[in-house]
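You will see subunit A twice below: alongside subunit B first, and alongside subunit C after that.
On to the complex of A and B.
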């Protein structure tokens, strides 16, 4: 009997700890690799397809559009179908437009906390800003080919909206290939980025 | 009779001088003991009314004004991003006990809490007019646009955070609630950026902090500013921070008054000593010099025992007392030195005019006992104690110490001793010219009740306040409409009336009020009833049908807007001050809800003041309007009233005394020459030079009256032979010492002490030649 206690300790405490330590080391290795491979990305342009699985809609909402990013803080999210709408961001200011609203309407991130939250997310994904993500999320490695991370928010404010994120990178680990946004209550959104073009000059008028 | 009394006292103590000196030392020792209890107060409360007058009530309300007690910190830098970071860093470094509740922005607005709260509480907040506007706005086309906008939002990434709000409020009804937030930003010119108070140009940030340090606590203020100086070292290069609060004023004034006290007391003592050495020319003059020092000790000791705290301004007047208290001693000295007659008889002769003069000064100071200003009352007690002590020491003790001078041992000035013929007509003509010119400008005399004019404001602080006003408006200078009632419901109902009154008449003004967000409970019940009736009525059903139709067209499920529908028929609990706090509006609630009352802030404009001036039947009942600018006008009016009262009472008392002493019309008029000259010259020159009267130099006027009457009594008394020769000289020397005392006050940095010095310098400076030259000229003396 006296040998059982150390055995139990070994089985139920040390082995999981050892496994966790190994996972952690693996995650760090993968993140370090992503940092290196994404480091040289200055601009990104890609198509996206978004599927929204929301309880408040009878059917899945599918939309397509274009996504543009330029370091450090310019991005454009443009939905082309089923409706033309979108927003662009340049520093702390930006514009948004809707099909029926006419001319784009400027906004200031400082005055729109909700939009700021979203803009920070999109910029972090586009920049592959792993430090920013680690600060705000618990990261878990889900797969390595391609690299897929599960992100669970640390902050209470973010937890109100998000359950977790699943982010998958392209095969070379240079940019985000898809994102799943899982909300509290079961709704989720799937975004796939296709035909990505890296480090090509972008028309300044886009931003 | 007075003469006999003091002659008898002299005779009594002549063989018992040891007893007399022991009693004198006991008196001085008592003063010294009292002085050890002295606690000095350096705030401006000394000079603000503490009675039940409107001015006093308004001053108390101004002290309760939300921003009067706040510490405002203005950060400047070129980069808004680094400014908000710097504001966070500095806010973190500003810790208790000197700083509490440090805010870098309206905390409530940087989260979704307040819009959510507004959406949930619309049934309590929207009144009948709001519902009518709502019905008119929500046309079928508008509803289509709103639902389509919601759909597009949900398609975009923004939808992750807006989905809940879309379900609860698809028709954007909260926009009607957000309108009400227009009236809760106390810093009108600030823009709220990322939850921070930023200036319009983005180069300034504002931190608002509370502090438990009393605004009148100069030592606490010093420690608070030292803590701030240490805290701001966390700021990065290129970002500066300046603190603006009442504490800086308190500290600046306290430091100036302390410095002035040292300078005034030491310089006036030196100046008086120099005058004595020149004119008295005997070691026995030391006794005359000691009288003012002794009475300073006695008066300070008495005032320290009588009051828990003594105002620094009262003590500052000590230097002045040094100057005035020597005139009785001087009179005795010159009388004793200039005559070898029997000492008791001499004392009896001099005692009459000296006591008469002292009574006149006492009477003029006694008038201040009815003042509503605690500082003036304390000053009256201080001055009267000093005068009584000076009189007793001069008439009872001094004659035992001063011996007759040998022949030629006293100074004689030809002009005043009749050694040559005086140019009578020229003197009278010049005097009349002075009176005429002065009379021309008396009408230009101004009264300044502005509190800031009485304070010392260092240039650096003035600049900091100016920069803050430029960047964020003037939150500290707002006027207040105050409703007070022990019943909070009544107070809130009155507050609602005040808000409506102001909104109707000043639609463009930046009003800050709780009324839109905290209606009285009865109003909330009525609003909730109207809300329910609206949504179950024809208009409501039409809107809801249009919403469902628009939603169905865009693919929304049947349950998409279920939370919205549920909210329409289940109104939330009534809004209270506590629920506002929970919604993140605590600072605003604390600022506007005061003990038994509610405040509404309004820009201190002429239009606003006009609304509350005089009779206005449309104005809600029971509202008090307190404006910093109007307060200055009120104080000025109070000063003017006090001034007229003092002047009249002083002149009446003094005239009555002069009549009682001389009982001869010609001599009475002659005795009044210095006081009339001094006052007229003072009013005329101050009017001509644009020097206003304030709370401080009114005191000086009282002093001028007392002193000038003394000179008149002495000079006219001299004509009767009382006091023998040397009266001219005693008036000249005591006048010069008074001028020396006041002259030193002119050097004071503190505007209050400085204004006293300037005022009395003019009054006494005119009265001395009037006493020494005009009285003899009018009396027709030819010796």
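On to the complex of A and C.
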């Protein structure tokens, strides 16, 4: 009987702690690897498919488009179907457009928190900015082939509408291949980046 | 203007809410023929039994503000209710509402939007006018004119339903009275599961000063 307490401690305290320490070390190894792999990415162009899964309707809404990124802070997110819409970002300002609204409208991130939130997320994914992501999310390693991370928001405000993110990288860990945005309540959005072209010159007119 | 300010602006505008060109083709109106009220009632696509799942895009306009939007809705013609989900560009759900002819149930409202308690009611009012009520009924008075059919509701408030085309289809609902001054136009009918459904809808509220244009991008019959 006198040996039961130490055994209990070993099983329920030290073994899990050891496992967590091992997981943390594995996560840090993977993140360090991603940093090295993604460091040389200056431009990225890819197609994307966005699937919105609505739990209540058992329905998936599919949109398609093109995504462009040029380091450090240029983005173009262009949905082409079913409705043309999107935005471009060049530094702290840009333009957005929507087929239903007519001519593009300029914006300034300093004045538009909603737009800033979206732009920051896309930039962090495109740059594989792991420090930025770690500041805002608890990261867990879900898989290593390909590297897949689960991100749970740290801030209470973000938790109100976001349950977690699931980010998968391409086989070489150079860029994000897909992002799942899971909302509270079961709905989620899957964005898949396909036919990615890295480090090719991009037409300046895109931004 | 922030995303939140824009959305809140949209919804406030729906409460307090212009003029612009019509983005849809006006219907061709051949000469009318002898028809009964019952035959016209059957031509209201909103009265067809069952339900529809509709993916839509839209544009809200108020005094220079032009706010595009996208979303999805399920119209239950039997239960006379609409479940509506609005989404922002990256797919985040802005709100999720069930609208009935006399109420609204909020299933989800982005926390920033929930700060304005009038939002849900404002969106519900527009959805109700377009999809749910008023609808023509057997008590309405029928007037057959040269190019269209007009059903008028007896009573104080002016409520009219215009039908036209061949076969005749619902073209417009007009309401004018103490409760408001607005009209909804239904354009470019196309068949979905054998039922003519409008491709474009335009709600104009003259008193509030706003205009809401909807494009029904895809329409599917609900299969239970």
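The rule we apply is simple: the second predicted complex is superposed on the first by the 203 of 207 C-alpha atoms of A that agree within 3 Å, B and C clash if a C-alpha of one lies under 4 Å from a C-alpha of the other, contacts with A are read in each partner's own complex, and residues count from 1 in each chain.
As a working rule, a contact is a pair of C-beta atoms (placed from the backbone, for glycine too) under 8 Å apart; a residue touches a chain by one contact, two chains touch by 3 or more.
Worth saying up front: this structure is predicted, and the values here are computed from it rather than measured.
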item: When subunit B and subunit C are modelled together on subunit A, clash or fit; value: clash
item: Contacts of A:83 with subunit B and subunit C, given as first, second, both or neither; value: both
item: Contacts of A:110 with subunit B and subunit C, given as first, second, both or neither; value: first
item: Touching partner for A:156 - first (subunit B), second (subunit C), both, neither; value: neither
item: Subunit B versus subunit C as contact partner of A:118, first or second or both or neither; value: both
item: Partner chain in contact with A:57 - subunit B first, subunit C second, else both or neither; value: both
item: First, second, both or neither for A:102, with subunit B first and subunit C second; value: second
item: Subunit B versus subunit C as contact partner of A:145, first or second or both or neither; value: neither
item: Doubly contacted residues of subunit A, that is, touched by subunit B and again by subunit C; value: 50, 52, 54, 56-57, 59, 61, 77, 79, 83, 85-87, 98-101, 111, 113-115, 117-118, 121, 157, 161, 181, 183, 187, 189
item: Of subunit A, residues touching subunit C in the complex; value: 50, 52, 54, 56-57, 59, 61, 77, 79, 82-83, 85-87, 98-102, 111-115, 117-118, 121, 157, 160-161, 181, 183, 185, 187, 189, 191
item: Sites on subunit C touched by subunit A in the complex; value: 1-4, 6, 53, 55, 57-59, 66-68, 70, 72, 74, 83, 85, 87-93, 96, 107-108, 110-111, 213, 215, 217-218
item: Of subunit A, residues touching subunit B in the complex; value: 50, 52, 54-59, 61, 63, 77, 79, 83, 85-87, 92, 98-101, 108-111, 113-118, 121-122, 157, 161-162, 181, 183, 187, 189
item: Subunit B to subunit A touching residues, read off their complex; value: 80-81, 110-112, 145, 148-149, 151-152, 154-163, 166-167, 191-196, 198, 555-557, 559-560
